[in-house]
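What follows are several structures.
In the two complexes below, chain A is the common chain; its partner is chain B in one and chain C in the other.
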Partner chain A sequence: MSLLWFVLGQLAEIESMGSSKKIITKEEWEKKLNDVKIRKEDMNKLVMNFLVTEGYVDAAEKFRKESGTEPDIDLATITDRMAVKKAVQCGNVEDAIEKVNDLNPEILDTNPQLFFHLQQQRLIELIRNGKVAEALEFAQEELAPRGEENQSFLEELERTVSLLAFEDVNNCPVAELLDISQRLKTASEVNAAILTSQSHEKDPKLPSLLKMLIWAQNQLDEKAAYPRINDISTATLEDPGV
Partner chain B sequence: MPTSAAASSSSENQSRPVPEDIVGRLSSSMASYEIKLKALRDLKNQIIGNRTKKLAFLKLGAVPSVVSILSSATAAASCRGGYDDNLDSIIIQSAAVIGSFACGFDAGVQAVLDAGALPILLSLISHQNEKVVDAGARSLKLIYQSKLAPKYEFFKDQNLEFLLSLLNCKNENVTGLGACVITHSCRTSIEQRALNDAGVVRKLISLLGGSVIQRDSSLESLAAILKENSEVILKFVGPENGRALNDVIELTKDKHPRTRLLACMCLVVIRNALPSYLQDLQIKTKLVLILLELLDDPGQVGEEAPFILSSLIVGKEDMQRLAFQENVIDKLCCHLEKGSLQAKRLQGIFLALADLCSRLESCRTKLLSLKALQFMVDAMSHDSAEVRAAACICLKNVSRSVENLSAGTFMNESVINPVVQLLCDTSTSVQVAALGAISNVVVDFMVQKTTFIQFGGVKQLVELSKSMDSTIRMNAVCALRNLMFLVSDRCKEAILLELTQSTLTSLICDPEVSVQEQALALVCNLVDGSTDGIRHVFADNCSLLRAVVRQIQSASKVEVVIQGMYVLTNVASGDELHKEAVMDELFPTLPGGPQSIVIKFLQSNESQLRTAAVWTLVNLTLPNSSGAFGRAVKLRRAGIISQLKNMMNDPCLDVKLRARTAFGQMMTLGDGSP
Partner chain C sequence: MAQENDVIGLHFLELWRFNSKAAAAAATATTSTSSSSKEDAEFEEEPTELDTFNSSGMFSVVLSDKLSVQYPTVNLHGHDVGVVQANKPAPLKRLVYYFEIFVKNAGAKGQIAIGFTASGFKMRRQPGWESNSYGYHGDDGLLYRGPGKGETFGPTYTTGDTVGGGINYSAQEFFFTKNGKVVGTVAKDVKGPLFPTVAVHSQNEEVTVNFGKDPFVFDLKAFEAEERRKQQMTIDKISISQNASYEIIRSYLQYYGYEETLKQFDMASRSTVPPIALGQENGSSDTEITYAMNHRKTLRQLIRSGEIDDAFDKLRMWYPQIVQDNKSAMCFLLHCQKFIELVRIGKLEEAVVFGRTEFEKFYRLTEVDDLVKDCAALLAYEQPLKSSVGYLLEDSQREIVADAVNSMILSTNPNIADARVCLHSCLERLLRQLTACFLEKRSLNGDQGEAFYLGRLL
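Moving on to the complex of A and B:
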């Protein structure tokens, strides 16, 4: 991450000089990079934050032992959260709802939108499995009252129920509801809600740092030619094109 | 129809337990521990997030059964001591069920309280098992978030110590509960001071640096402790160069919308109580902009934002101007245009718009130019009483626009009809708000008042002027009073016909002072202008005049006397007969009788009463009327001349000028001496 601070520093420096486009060679760049100090503990915390937020509980446990970095959350809760997420991803929505309610009954009681989306997902699964009668009953009993409470829920409900009207659901205007991406969307919504209820950030810090790096590079591009990182996964410094 | 029949998951296959069965298992004394636990979990999973189910189970009597299970489980646990997983599970599940019944559902809260759950849940806070503590704290928090929860008595027994122990607890749910109790119960300045003295504020400030949940609940309770209490606020902003205040200001930039909202709320509370703080333009503008932006939040934050915006600008012209400059009106109207808003959000937006239009004509013009009148009219038929009332309040403030009143903007069927209909609303607050709107709308300078009378509005107003509720009575009479303002004789006739002399007479003698005042002001408008109008107070054996004079002589509130004297002033502007009648009432010619009350009024400390009294004298001594001379003689004898002499340099300009006029007129008339 030292690169980000460095790029930002360069940005400020060039800004203050107000010069025309400057060229920085790879050697100069690396030399300057060497002068930037980053604390090891900070790096570890970022890694731990990533593992915890993304739910890599075993990795987090190992990393804790090896690096001595304490996670800011009880690792046991990660297991529970991941079980919920996995249940939604596999289409076991009712199971997921029960697990969330065991974890913290407040989450679904105070988050009508999330609750609706889970129930909607349940309806989608029933339709996917061809349980038409059950689906209709469920829509009527569980979802219709929510639609009465909220106009936008009603619209979404109507869209979902319309799945039942098509002969070939895979080629209908609402086919995307049956797509696996819909499950993932719902799963990530539940995941975020659980994290929020645990006072934890719902997004890991690492991606935002990388986003900042790209933004800073784009800013610097206008003012200087320098060894850019184009491939984030390898973080290779490219030669500055002149 | 879907043709694919993929393998289904097992859980979707199970048939759902029927509510009656669940309740049966809960209340059965024979059911085993496993059966009860299963029933509790089933119940919990059915009601969470589902209002309809909560109501259904409530009707089946589930709440008392669950509370009694919780009660016996806690009793058994305390007998046994130490951990008992089975009992703990029962306690956790039943506490969760109780919490869910209390979550966002008033009938549920009431049932939970009636079943006596509160003390049992409180006892869970000191339980050894952290999961039990969590469950208890969560449920209590949900109960204390409701208005129906009893006020926590800070001064009783060890309550304050207990509260502090909650705040000092390591468990986040427990500190959250402590903050929630404060938010719910801290109302009086004595409580606010006591909480501050006990170190609660200091603790809450330290919690601002904690987790998101702790931060938010601390901000909320800080607002409750600081509200309208400048003494406690000074102690809050003073230490460490206002570090706490700066912390709160920082939190208005937080990335969580709820935190931003609550930080704004705290700052608004501080600003409103201590106007010397947070005055620079930058922070004022920032508050307006943040709240405006929060309005876009689709959830609860967006619903609460307009209310805080409203408390930021209410009664403060500088803030209203600033909000106007920042295009708040356009943005609020944009939300209204989008339509299908939740009731609470709609209510908040109308209230904020109402506050914006309370003083500045520019705001009213802007709002009307955005066709907002139609939004208000539409909202008057909304399902929610709060929305209907808020729409009326908005109409009331926007109709303060003299320009639009005289243009007759509001006096048409599409506006008047819906407001008049709300006069029969089932909610008192809607009726009062509708009366307020009508009061303003009918202060119309043009001929359109007949329109209102034609719509049958008067009938409704008269009906409400007989209401048992004094607020409604007062507002109804106020509306009639404004309707009577500068109206044609034919309209006066029509209004009085509906109202009747006897109702008006009894309103003048109403037990409520505010009603008396409005009723006298109504009579004042009735007798304003032509002699035809004045004649009404002499009808029925002078019943109205008698009632007015009785109030002048006996009323304890000076406002009532002032209104009464203005009635006589107007009557005294009529013909000879009218003037003589006023003379007889104010200066009865009883030999050796007591001093006239007019002398007392002329010596009053209230400049308005002096003005009213002196005006009456001016009208009684207008030199062009035939009986003026005789009246001047009587007035002289009553000692008026010397009293007027004392008033030549009255500190009140109005009094001074009128006193000089009256004095001059009496001098012109001479004193009868050759």
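Moving on to the complex of A and C:
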């Protein structure tokens, strides 16, 4: 019995040594939070950046008026960019390519990968619409020469063309190419390229700040027990778990 | 007036005071050199020259520019090292600290060293020979850290070379450069202040130190950018719900009553492919936050366009409880704004009359006399916008008043038990948490590293 108590005592001691974490109560933490000053102007900029980058042109226009925040890009360019994005999302790839070239021919000239992906998407749409002959011709004439330049393009081309080999394309190994997510992927690639060509960052800042919050909390977890925010969408402070 | 409502009013007075102090600080700092004035509120002293008091006396001579060191005598003994530390330790609250030396003359043996040493360092020893010191030596290119042999590290260096030493606080390592290129890194396993240190050890050796007064040979900016990129890559691997950003933007628009924007945002969100499912799980909080949206929008517009009388009328009509106590912080804010608007449109006499009647009752509230003074000072300047109280005429001041009214109205929602939840949008709470985590993490890490500052990212 006495040995058991001894062992338990030792264990407790080891445990207390291990948890040398600083404990910060909710009250103390709230005091620290109150010392943090976030400028309204900066938050407005963050919101505007999101609206602009994600292409909410009408909302961005209203937000400019309602909050007095100037967008960091000419709002007119958003409309054009969104038209391209929408065209890809709806499967009108030819239309999208034309629109990108109207916007700035350099985008596709300087970005062979993007151009290949758009052409690949065009091929996918042809196959989806059952235009087998047209698809084959397009693959051989437009895509194959590009595949010769680049091994990964060639593999992608082969993968795409293999859609033609299956009776039931929706249940074949490359069915994902026909999925809506493929269109979205291509659309967001074009969107990013246009933004980059306008010397604008391709991603909005807010999502990466949210990730940074999770990261910073995880880092602080190693050294302290403090009130965390676990649910980002409500931003409620939890009680510090010890 | 209910005490709880003053929580809100006082909060916004505090924001005002914050702006006032920032404006005053900016006005006094006329010699502000760096472009980054506001965010560098946490100023730290940094090394500017060599320490001429605590050096190894006869074995080194610091020249009158306090940036050059010479070894004058014939070296007689292995211990007769000429070591000089910087006048200040390397600053901590940043991503990277860095300095450079230029080897003017490698002298008889080229036994030059660059490194970092703790404050009690023996001034007759090469950096790296003692514990709590690190040195990159020119004659053998080895790195020394504490008693014992040097470790293979980088190339040797001699006359004409520029060599740099840095502390990377984020990676917790030292790095050294030669002629603009990093030659190696070593883990930093020492705590406490560290002094940039140089040593000369043979006849005619001479080096000059650059603590950043002149441009570095090494591209420090690029190095920092790369460091941040690495950190960002780790952060980007974290996955978050795709809708999180949408929800936060949405609740921000709701919270501040940006009704028109919200309408467009919702409309566009519905037509995106794939459509975004928003706020379905927490429908209840949704209605709370859309509370009185239209009133809040109207009042914001009035205040933002300077129509304070109209805003007052609307408040009296819609929310008499908010403006009922004439001495409340909220009324104070509105009265001050009215005064400011009169000054803005040049109705100075009217402003004087208004100020005399209104400020009189607030001047007795000692907690706001500084703010009253700021307002009154507007009258003293021919061009008030350019004065130290010019901030009052900026949009940000109207914004504070508009935000205060917005929060006040939100707090009249009978479903809200604690007025404090009306103080911040969800976005602001997240950003405050983020900033506080960075600060706390740094303070638990011996104050090392940079803080999070939103403005820098925008």
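What we mean here is this: the second predicted complex is superposed on the first by the 223 of 242 C-alpha atoms of A that agree within 3 Å, B and C clash if a C-alpha of one lies under 4 Å from a C-alpha of the other, contacts with A are read in each partner's own complex, and residues count from 1 in each chain.
The working rule: a residue touches a chain if its C-beta (ideal position, glycine included) is under 8 Å from a C-beta of that chain, and two chains touch if they have at least 3 such contacts.
All values reported here derive from a predicted model rather than from experimental measurement.
**Student:** Judging by the criteria at the top, classify the pair chain B and chain C on chain A as clash or fit.
**Tutor:** clash
**Student:** Between chain B (first) and chain C (second), which, if any, makes contact with A:Ile38: first, second, both or neither?
**Tutor:** A:Ile38 sits against chain C, while chain B stays out of touch.
**Student:** Once chain A of both complexes is superposed, is A:Glu149 in touch with chain B (first), chain C (second), both, or neither?
**Tutor:** After superposing on A, A:Glu149 lies in contact with chain B but is clear of chain C.
**Student:** Check the contacts made with chain A and report whether chain B or chain C touches more of its residues.
**Tutor:** C
**Student:** A:Arg128 contacts which: chain B (first), chain C (second), both, neither?
**Tutor:** first
**Student:** Under the stated touch criterion, which partner chain does A:Val161 make contact with: chain B (first), chain C (second), both, or neither?
**Tutor:** neither
**Student:** When the two structures are overlaid on chain A, which partner does A:Thr234 contact: first (chain B), second (chain C), both, or neither?
**Tutor:** Only chain C; A:Thr234 stays clear of chain B.
**Student:** Would you check which partner chain A:Ile73 touches, where first means chain B only, second means chain C only, and both and neither mean what they say?
**Tutor:** So A:Ile73 meets neither chain B nor chain C here.
**Student:** For A:Ala193, using the defined touch cut-off, is the partner it touches chain B, chain C, both, or neither? Pick first, second, both or neither.
**Tutor:** A:Ala193 sits against neither chain B nor chain C.
**Student:** Which of 219-227, 327-335, 399-407 or 417-425 in chain C clashes with chain B after superposition?
**Tutor:** Stretch flagged for C-alpha clashes with chain B: 219-227.
**Student:** On chain A, what residues does chain B touch that chain C touches as well?
**Tutor:** 90
**Student:** Going by the contact rule at the top, pick out the chain A residues touching chain B in the complex.
**Tutor:** Per the touch definition, chain A meets chain B at residues 90-95, 97-98, 101, 104-106, 108-113, 115, 122, 125-132, 142, 145-146, 149-152, 163-164, 167-169, 196-197, 199.
**Student:** Provide the residue numbers of chain B that touch chain A in the complex, in ascending order.
**Tutor:** The touching residues are 1-9, 11-12, 41, 44-45, 48-52, 96, 99-100, 103-104, 138, 142, 172, 211-214, 298-299, 340, 342.
**Student:** Which residues of chain C touch chain A in their complex?
**Tutor:** For this pair, the touching residues of chain C are 15, 18, 232, 234-236, 238, 240-241, 243-245, 247-249, 251-253, 256, 258-265, 267-268, 273-274, 282, 285, 297, 300-301, 304, 395-396, 399-400, 403, 425-441, 444-445, 452, 454-455, 457-458.
**Student:** Under the stated contact criterion, what part of chain A meets chain C in this complex?
**Tutor:** 22, 24, 29, 32-33, 36-43, 45-47, 49-51, 56, 58-59, 61-63, 65-68, 89-90, 180, 183-184, 204-217, 219-220, 223-224, 226, 229, 232-235, 237
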